């Protein structure tokens, strides 16, 4: 029966990847094809490597295991926030509230464990639930309230920060010492924040690539109406997406607070912008449908390497902001240029 | 507006006129594809030159080249006999070449006059001279012969009028070459007549018109000459009066014995209906719609644009709510306003707006094919990606989807292949009742035929198809029964054997005379 | 139509209850409309910082002691929000306005406007530029910086390498403290400032920047942080070295900072006494309301806090 349909035609073969036509890359003979493809396919990775080489040349202290691990630790909070934001950006939304939600979750943890005497395990669950609920509220406002995500999460940015101040009365609160290990090293050398970051990266990649909600994020971001007409319950999925982002923000908040063994009411202010930058540097498109956990991780690492390097090189405080902005623009440009060719 | 080189010419082919525009052996390659391969083309002033070809034959590349969006790898473009380079849109405008794309280049929230003169508003003391802009716009609109006010917001205009505004805009830059990319695809019969009148008038003024269409009956009606493109080559330049079958054969490189190969086999007339709709109403959209579709049957839903056909389709698929009535599949009621419920019952919808509603254009072919079955392929929280890919690969082979690979972005496929992807995802979901809304709009002849064969195959294996189409010959040729809608109501049902265009049209305009 | 009306109603009710809720928790100490009580409006730059929370508490205590009616608002580090708040105070005909400017320059026009309405204005903690407030109550940041330099130098034996964690670039607190510190540290020929890097007055950033600086400067003897939050971050980075081989001096004397001084991880802090700033602001506001003379410049003393005297501060 199907043979009827088999009209002849050139290039009808599929089933295989179908080799991409080679593009003219100058370094053709210099690098093995696999490496070349990796660099070319991933502008952010190339940018990170360039940055690392430049830093290694300029500062003798940079390329040192200890320092590189420090960079990892310093990237952790931004990266974890950014994974959550990646879900939202892939689905063509934006989440501005993650910094505030992280601070609120951390404060809830400190408050419930230290002041209310809740067992630490439950306090951690309570904190994660707080972040998730904030995210779900975002999701409700976006999907059922039909607010633009920018506005809904902007409101949450203010609400969560305010609640954090209310709970803390504006002063830092101590974290239970039993959580101190979260900010320290595992086996005396591997920092726990780095482990948490990698685990969250794994979870994010798994969700995005292998689960129904993950694939639905790409579909919704690619064409919301087409996704709906293909049977995806868009509103319900959005609720999940923003909830997940909130939950990731809570994890980031807990990591941040455990590094200081203290929850700060003003913690993570402005981090949402770093997180969004990390996503975009990593190849996510604010128009939706595009983005990867690995790219976002690289984006967060670029920001951390940069800040670390600027400290090592003792760059003046005023110039640092200029350099950071320029590198963000360059890294994003590199990715755009790659796509255009 | 008196700068034309040519005096008004008679409407018959102006064979003596020199070439206004000519391409000589132009070639353009994209990664993996040779889009144009030594194309020769010639346009005279005062001529309507039809560009024919299947989707992917190179028509778009050629007209984009004339608009300055692509540059030829080799070959020459000559304007008025002089070799020229068209590097960008400004260059094209300078040479008097204007293009009316399928997707209009207009700003919905600006007025008609503002759109016509966008970026070129007449100024006085550095400020926009609104009075002059409006009077100039009025003159242009009169020349086109459309009754819109220059102060109307575009948002409130229908598609036909938008097209007229585009034409007025093209005239405002003193276009001598007007390129029209499938202008009739979205127009009703009456609107097409109006458009042809305008084209006719412009041609009398000496404007050269390149006209792209998939509707072969329009070729002889409007055109002077035809250039047929196939696989990036110019195959033939022939008079527009050429026999239709010959045109088809030139386009596809093979003969098509039958344009509408509906196999009306032994219909399961006695069997219980697969889909039963009764008393379906939604205030302001449709009223008391009821019909049945049996297994093995193609039911055509005909009517004018705006008769409520698409609205009914969307409602019974759960995409939009309805106020009253019932939808049943195999005797079981389907919950309203919920797509997943309709899907679970076995209904599938291929929407009319393929790009806006049917596909994720920037996602891969395999991702699009697997979208509907995504939920079903999820086990223990994880999607069986390998299985999804296998399924996509086999359905792509079955449908003959032509793409560089399963990972190609769907945007890069031709219209016909995109449509096959949009249909393919429902085949994977094994939908029993398939609603096809304008399944062959913007699809070339070859792919159309493949879609028709697919419909035959589906019905032969016991599926039911509800086909909405504004292409009357298609409805007549492919349906077993035809339902006609007018102003939100079903005004009649005609069995295929008795159906004629006149009979359908009579029902479609019944009571619509007040419009 | 009906639905629309209902949504409007719901929105209105929600808005009202929100206002009511904030009203209940507001910082107004007003009892009933007692006409004789002086009315003071205080606009704080932010409550997103323990320092200003302390300041607010001091101000409220002082207001209670004098039996005046104090309304405190939070400008959330937004200069235009603060301008609105001042305008509101003026139209509410407050007897005196206390402003803790978000931005010294931006506060000028609002202060001028209040002056035109014959309302005395007290600037608290930060100066106002472009207008003459009735009085400016502030701690001496330059002097504090000098004190910090001296304390750090003495503690590390007048020689070695030190780094500075700087606050938000361009703020007057950062500029003045650093100015004082540079002046003070110059007196010690054998002490070298090997790095000065911004950590934006933030504890987490203090931790990150200090970690990075330890990488490029292995032999640091001392750290001066322009506030206690960054000092606490630096202490985290230094771990067991803090207070042992590396001395950390902070600024502000916040509760957490004082605790660290007590524990010995922070060597010394410059206590700014924010509650004293709040108290002095209100005290002078009351004087201004009574029509008594008020000094133009009121310097609230800063104090060096170290392990020996820390008990007096908590």
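Lettered A, B and C in written order, each chain numbered from 1.
One rule holds for everything that comes next: contacts are C-beta pairs under 8 Å (C-beta built on N, C-alpha and C of every residue); 3 or more make two chains touch, one makes a residue touch a chain.
Predicted, not measured: the structure shown is a model, and the values here were computed from it.
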item: Overall pattern in which the protein chains touch one another (line/ring/star/complete/other); value: line
item: Chain closest to the middle [Cα centroid of all protein chains]; value: A
item: Gap in Å, rounded to a whole number, between the CA centres of subunit B and subunit A; value: 41
item: Approximate Å spacing (C-alpha centroids) for the pair subunit A, subunit C; value: 33
item: Distance between chain centroids, defined by C-alpha means - subunit B, subunit C (Å); value: 67
item: Residues of subunit A that touch subunit B when the two form their complex; value: 1-2, 4-7, 9-12, 14-18, 20-21, 23, 209-212, 214-216, 218-219, 222-223, 225-233, 289-290
item: Subunit B residues touching subunit A - in the complex, by the definition given at the top; value: 31-32, 231, 317, 319, 339-340, 343, 349, 351, 356-363, 365, 367, 371-372, 374-375, 378, 381-383, 385, 393, 396-408, 425, 446, 450, 453-454, 456-457, 460-461
item: Residue ranges of subunit C touching subunit A (in the complex, touch as defined); value: 47-50, 52-53, 166, 169-170, 195-198, 202-204, 207-209, 211-213, 215-216, 229, 232-233, 236, 255-256
item: Residue ranges of subunit A in contact with subunit C within the complex; value: 59, 61-62, 64, 66-67, 70, 73-74, 77, 161, 165, 169-172, 256, 259-262, 264-269, 307-308, 310-314, 317-318, 320-321
